[in-house]
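Would you mind keeping the following structure in view while I ask a few things?
Here the chain labels run A, B, C, D and E in written order, and each chain numbers its own residues starting at 1.
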Amino acid sequence: MNNLLEIKGLQTHFVSDRRVNPAVDGVDLAVRKGETLGIVGESGCGKSATSLTVMRLLPKTGVRIAGGTIHYKEQDLLKLSEAEMRKVRGNEIAMIFQEPMTSLNPVYTIGQQLCEMVTLHWGYSKAQARDHAIQMLKKVNIPRAEKIMDEYPHQLSGGMRQRVMIAMAMSCEPELLIADEPTTALDVTIQAQILDLMRELKEKQGTSIMLITHDLGVVAEMCDRVVVMYAGQVVEEADVYTLFDSPAHPYTQGLMRSIPKVDADQRRLDSIPGNVPLPGSVASGCRFASRCPHVESRCTQQMPPLFQLEGGQRSRCWLQEEAALKEVTA
Amino acid sequence: MRFLVRRLLLAVPVILLVTIMVFSLLHLLPGDPATVILGQEATPEAIDAMREELGLNQPIVMQYLKWLGGVLQGDLGRSLVDHSPVSELIWQRLPATLELTIGTFVVALLIAIPAGILSATRPNSWIDYTSTFFALGGMSVPHFWLGMMFIVFFAVKLGWLPASGYVPFTENPLANITAMIMPVLATGLRESAILMRMLRSSLLEVMHADYIRTAYAKGHKESFVIFRHALKNALVPVVTTSGLIVAGLLGGLVITESIFSIPGFGKLIVESIYNRDFVTVQGAILVCALMVVVVNLLVDILYAVIDPRIKVGKEAEQ
Amino acid sequence: AVGCSSQSSGTDAGTGNNSAPKTGGTLSISLDADPPKLDPAFSTALVDRMVFQSIYDKLVDVNENGEVVPMLAEKWDVSPDQKSYTFTLREGVKFHDGTDFNAEAVKFSLERGMDKASNRKNELNDIEKITVVDAKTIKIELKQPFAPFLSILSDRAGMIVSPEAVKKYGDEFLNHPVGTGPFVYKERQKGSSITLEKNPNYWQKGLPYLDSVTYKIMNDANVALMNLKSGQVDITNKFPYKEIENVKNDPKISVVNEPGQGYQGIHLNTSKAPFDNKELRRAVDLMIDRDAIVKVVLSGAGSAAHSPFSKSHFAYGDSDKVEQPNVEKAKELLKKAGKENGFSFTLKLGTSPTNQQVGQMIQNMLKPAGITVNLEKVEFGTMLEQSKTGNFEAVSLGWSGRPDPDQNIYDFATKGGSNNYAQYYNPEMDRVLKEARQEGDQAKRKAGYDAAMKILNDETPYVYLYHDHNVFGVSKSVQGFTYYPDGLIRTANISKN
Amino acid sequence: MSQTVIDSQQPAQTAAQAESQWRLFFRRFAKNKLAIVGALIFCALLATAIFAPLIATHDIYEQDYNSVLAKPGNGHLFGTDDLGRDVFSRLVYGARLTLQVAIISVGIAVLIGVPIGLITGYYRGVWDEWVVMRVVDAMQAFPSLILALAMAAALGGGFYNAMVAIGIGFLPSFIRITRAQVMTVRNLEFVQAAKAIGASDWRIMFRHVLPNSMAPLLVQITLAMASAIIAEAGLSYLGLGAKPEDPSWGSMLHIAQGYLNIEPLLAVWPGLAIFLVVLGFNLLGDGIREVLDPKLKR
Amino acid sequence: MSTILEVNGLKKYFPIRDGALSKVQGYVKAVDDVSFSVREGETLGIVGESGCGKSTTGRAILRLTEPTDGKVIFQGQSLTELKKDQLRKIRRDLQIVFQDPFASLNPRMTIGSILEEPLKIHGMSNGQERKQKVKELLEIVGLTEHHIGNYPHQFSGGQRQRIGIARALITKPKLIVADEPVSALDVSIQSQILNLMKDLQEQFGLTYLFISHDLSVVRHISDRVGVMYLGRMVELAPKEKLYADPQHPYTQALLSAVPYPNPREKRERVILTGDVPSPANPPSGCAFHTRCPACMEICKTERPQTKEVSPGHFVACHL
């Protein structure tokens, strides 16, 4: 199997006020070596929670990982000790966050923050680390790399900071890069630069990327395969062409139709009525049922499994029951 | 340097205002200096003569300007009561108060920093609850009462420490330290509580910051994340509070000073108010205000040292 | 025989006073307040006088029995008309700064006290002229006979300062005091301590025994006591009354508890309602249970008062008889004043715990007669001004007392007297008191004061409450401590084991 | 271009389920155990103050010279004081004074400080920068106890004057906090929205800005109440403050200090009472802060 | 169609101070000489990157921030010259919808009182009628009268934005400035709101000034589109023209940077180098010259004039 990361039946529950919020409720997905996997879905559907669970960076209290496994290479990350996990973090799996503005420590220079990585994981000396850091900055196309080393985050623009974040994430040559909405906070022209850079790095270093976004445009440009999440679950998975050509799940379909197009005029947009249900509020049945145009009685009673369709596509909708191949994941 | 000069210049109107406030406040006090200084048996003639001599018959604005003129030439005037130069009185009283202030502050920091870190990094644990409870308890004990209880316990019952009586450090360091233990603890506990709460909440806030998550994502240990990445960021509000505490202590130790009979600055001011020794009060409060200005300045400089985003000179509006 | 209140007699507080006094050592005396001015001419506070006893000598002193005895003046003659005093001065006495003590210095010091800026002016008002006869003789002529004159000279007014030092330091003399006393001023830490050193050239041979004396300022009597117990202090000038009983059997501490010369009481403002009415003043006076106050507030360290004269004054006697509280009689008086249903007044009092206790007790005691007392705490400076300007109905303000009876009554009860806050005026009173101060014969003077008290106790511009005792805590290692009726600690004879 | 995608899945509740901000507040508050303790202490204080006549066992003014400084027992739960009065009953009535201290002095600070902070923070400008804030600076450079002391002396002693003095001492902090808060809130979009619909400045200040600036003020109020109680005790301890016969805890301490060696319990009771009540206010304030502080939400 | 709003040479400079008391160190030229007009019933879209002054333009038009210079004429009245009181009256006709559906509703007021407030302020109708109007409007924007007593935090982002729109609508305004009304919303919700806004426009004959950074959203809703860069309007044209035939190099780059939601269409992109300069220190001449792929000498020194390259198509470029 060439899966670098394989998440099975992951359940991450937030517990507060004695209320359980099943933010991630049975997620299955896999990232293959060298590919870019896109994860899309509305706000709050559990994208970040999933990725933080992989990194084991969730808050210490108020969280329960209720089930599932996360296999990275041969090991289950959920079973590693904290010390073992620290060796994975940054070194083998790196992460970039959405907010480049706040993800860098404001009181240390860029250089100080960049050097930490290699001194920690690779045991570099100060001088070596510095050289390496400058190297990395150059790789992410930062002009005046030497000077930037001694500057503080607030002296850089958002795009620059995100480059620094990427440089930092890449500096231990991780095998997997988790990018949680890396460009959402940036302007389109800057976003284009960053996406370009990520593509380039991926091609050069062969890093696998798990790209979380809510922007289907970004998905279309960057990803090989896409996982669509809705209310804590994976509702559809497909390679990027299939997804845009023939989305199987009604939610994906609705999503596609509700985006205004920059290159075409539409009188009216299609829209999905209603709101995403509160996590845990749908007791049974399909979580999308209340907004689904194709809803049937079964939908509200029985949760559809993730049907395996042709071409590696998967969809969590009863409509696909017939079309489904034999193997069905619950 | 330019910044320092400008900051000090900016402090001038504040200090002028302080002096005007003191001046007016003192003159609102019933009981003029001549009456009070001369005491019970004084005849009206003696009081008049005294008023004349002290220049109290002049219009109040003139009195103020005259005093101010002296101050500008570096002369704080002479005490109305014993004619000694006010600056000398202040110099005599400052060491004890400074010692008390520094001691209090050190005690506060020694308690607050470990306790604050422990409770912020283990929120809602028993450590957190205990230190929160003790901190809030510490904030709630009237420190003069604590001082009294200390005396009862450590001095009277156990006889470990002298009940009171200040000995200058230069005279007898050991006696000085034993005499300062109780007062420093009595005030230090309270201030440590305040600082600890401040550190806890600011550290808690910082621990939720994105860059802390980044630090963890790099694979750092928790202790490294806390001490290297979080603590420095959490210090700004702590420094602010420290500044307020130190500024408050300089003139605010009156009660501690009177419980433990420490000839301090606060006591000087209060005694002088009671004696209607206006010149001394004005001088002392002026010095107090100046010290507050200096402390604030130090706080600002510290801000800039801690946080590169804050340029020295940017007013830190709370 | 420690702590007993044997009348007007000196009490040796030390133990084993049979052995020869040891020389050397430092004596620590705690004072309840920081002496503001170490210059007798400008001194305003009682506590100054404690320190003065060590630094300055006076022309005359009082002995344990309150009698005037020689000090810097070896002897004196009084002219038959009582208006001229000729003092023969001790020879070979030197000031601390090495200059000679002589008649010029005496003249200088007295005239300094007569200056209008001096606080002694009032006391020395009657001096007409001072003449230096020769180096060891000085003659003082008075405007009119003035019986308290010698008593006055036994206090601050009679202290002789070094003229050279005054010239040298001017205004600052009070911070560089120079006298002829047994101890020399060394330094002071304002608010904290005053240190004196032995005067090696003291005129009394062999004295003082001690090497140095340190006065430590301890505002709180309890704190002072703790320091006494722990040995940081040898003598305390104030003692917590409630503790007197407790230390009775203390092996290390003895208590000296002796009548002082002062009294506590209440000025009733006779110039305005309600106390412009004599009956109401009398009613208040009548309702007060002084013994209770002495017992509760002073724990017995005092005595009920009905006159300004304590047991240490020759004028003490029947005038000080206290009536027991009497509601019926008080109500009658109220009725006579047209206030059957009672009345209310505001009593201003100081902020000390004792003041407040007394105030509350009085409030309580007047209640049965229907008199409501509103207590108002006033900070001392404010109280002083309001008292002097008559801005009060009743104000609780005592007097620390002076050796001569005149000094305890004259300015309080005569028209325009500096302490006559009650603004009381009775020409008969003025006459009687004036006579008494000019009379040389003590028996006649006493009769005069008895007469004055008769009037005063009838008209009651001032409600005398109690005479407080001077209570000292003395370590048993202290020897030679003698109580003087002026309540001042004389250090020359003290030694320490 | 901050396209922060904000959680849009909050439930649309029906009116029946409607939960006001306050209810939410109380629900979160109720989870904070320490804050509950604080609230309980506060309620106990309130109850004690209200029902003092029922709780007290003796007339608090009745002096008994034959049993001064009695030890606890003999019908006196906490013993008697220097004038033979029942300490327990005096403590109970002292709750009234303590409550008054807290309410009056902080009330003064709030009634004067908040409007000043509100107006200067809203309009900014020369007045704010050169007058109000400089005066505030000057007041803060002034040692607060000394300010209170001098003012208490100037106003002529007495309980209410002490209150005023303490209240004025709190002014700077109330002005500052309100002002800082107002300066944040006035830039929020709903204030802009109010302006856009044509609301007058007055309406914006009092209807939009003020209610949304209350959170830190509420915290400050409880904490200031705690300090007010300590400050009054301090003033009483220095001999100013309440009337001698009135059982202010501070003046009880003042008197008790004279009997530390003989009857330390006399100092213990009022000290404990002050401690408990102040602790209550502090716990309450801390609890409110935790509940309101969005940054500490977890 | 007549012109309802005319903006002429609008400028807004924010002073930069070093500390509260010190001297002004310079200015952020948030809006620097912007002119355009809006016709009755149309939607004018304004796009541009973060910090280019879109919001400031919107606010300065409404005088929510006082413009530094320039003229704003609304229905023939010069807003910039109005007194405070007159301005408050005219605000019934001129409304705004904000980006942040969380911050733009007073969290301490119920929906009912939020919606009633404008009516109260303008003394429109009595209590009973007001309640009625609020109910009607809630239905129009897709909520129900059950919601009247609820507080903002009890609603989802999309619902809140509906409330924001309702508040803007309740005084029956002529022009609504919509400052990124859908940027904070999820795609599926965004389309609901866009549809609602379009419906309302038809129903009430509204005019929109629609501010957004999202080119596709602007394209969808606008009739004409203006592109802003660093406080200046670089291009303004009917949307078909602008999207089909962008003239300004910046517009071209912007359009090409938008990721297409179509994996098969890998276009040739103009990727701009560098970052948007700070408006506190804008480049000389043409503000875009530092990033422009077709920069000429003249661009560095001279600020280009706005030219009408074809009817209704304005461009500020030396090319």
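We adopt the following convention: contacts are C-beta pairs under 8 Å (C-beta built on N, C-alpha and C of every residue); 3 or more make two chains touch, one makes a residue touch a chain.
As the structure is a prediction and not an experimental result, all values here were calculated from the model.
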{"item": "Set of chains whose contacts include both chain E and chain B", "value": "A, D"}
{"item": "Farthest chain (mean CA position) relative to chain C", "value": "A"}
{"item": "Chain A-chain D separation of Cα centroids, rounded to whole Å", "value": "49"}
{"item": "Chain centre separation in whole Å, for chain C relative to chain A (CA means)", "value": "90"}
{"item": "Centre distance in Å when chain A and chain E are each reduced to the mean of their C-alpha atoms", "value": "32"}
{"item": "Rounded Å distance between chain D and chain E, as computed from the means of their C-alpha atoms", "value": "46"}
{"item": "Of all residues in chain E, the ones touching two or more other chains", "value": "20-21, 49-50, 156, 158-159, 186, 189, 213"}
{"item": "Contacts with 2+ other chains: residues of chain B", "value": "29-30, 123, 151, 156, 258, 317"}
{"item": "Shared-contact residues (touching 2 or more other chains) in chain A", "value": "42-43, 61, 187-188, 214, 275-276"}
{"item": "Complex interface listing, chain D residues touching chain B", "value": "34, 130, 134-135, 137-147, 149-151, 153-154, 156, 176, 180, 183, 226, 230, 233-234, 237-238, 253, 257, 260-261, 264, 267-268, 271, 274-276, 278-279, 281-283, 286, 289, 293, 295-296, 298"}
{"item": "Complex contact set, residues of chain B against chain A", "value": "123-124, 209-211, 213-221, 229, 232-233, 306-309"}
{"item": "Chain C residues touching chain D - in the complex, by the definition given at the top", "value": "220-222, 225-226, 240, 242-243, 246, 292, 295-296, 349-353, 356-357, 359-361, 363-364, 374-379, 381-382"}
{"item": "Chain D to chain C touching residues, read off their complex", "value": "61, 63, 65, 68-69, 82-84, 152-153, 156-158, 238-241, 243-245, 251, 254-255, 257-262"}
{"item": "In the complex with chain D, residue positions of chain B that touch it", "value": "13-15, 17-18, 21-22, 25-26, 28-30, 123, 129, 132-133, 136-137, 139-142, 144-145, 148-149, 151-152, 156, 197, 201, 204-205, 208, 247-248, 250-252, 254-255, 258, 266, 269-270, 273, 285, 288-289, 292-293, 317-318"}
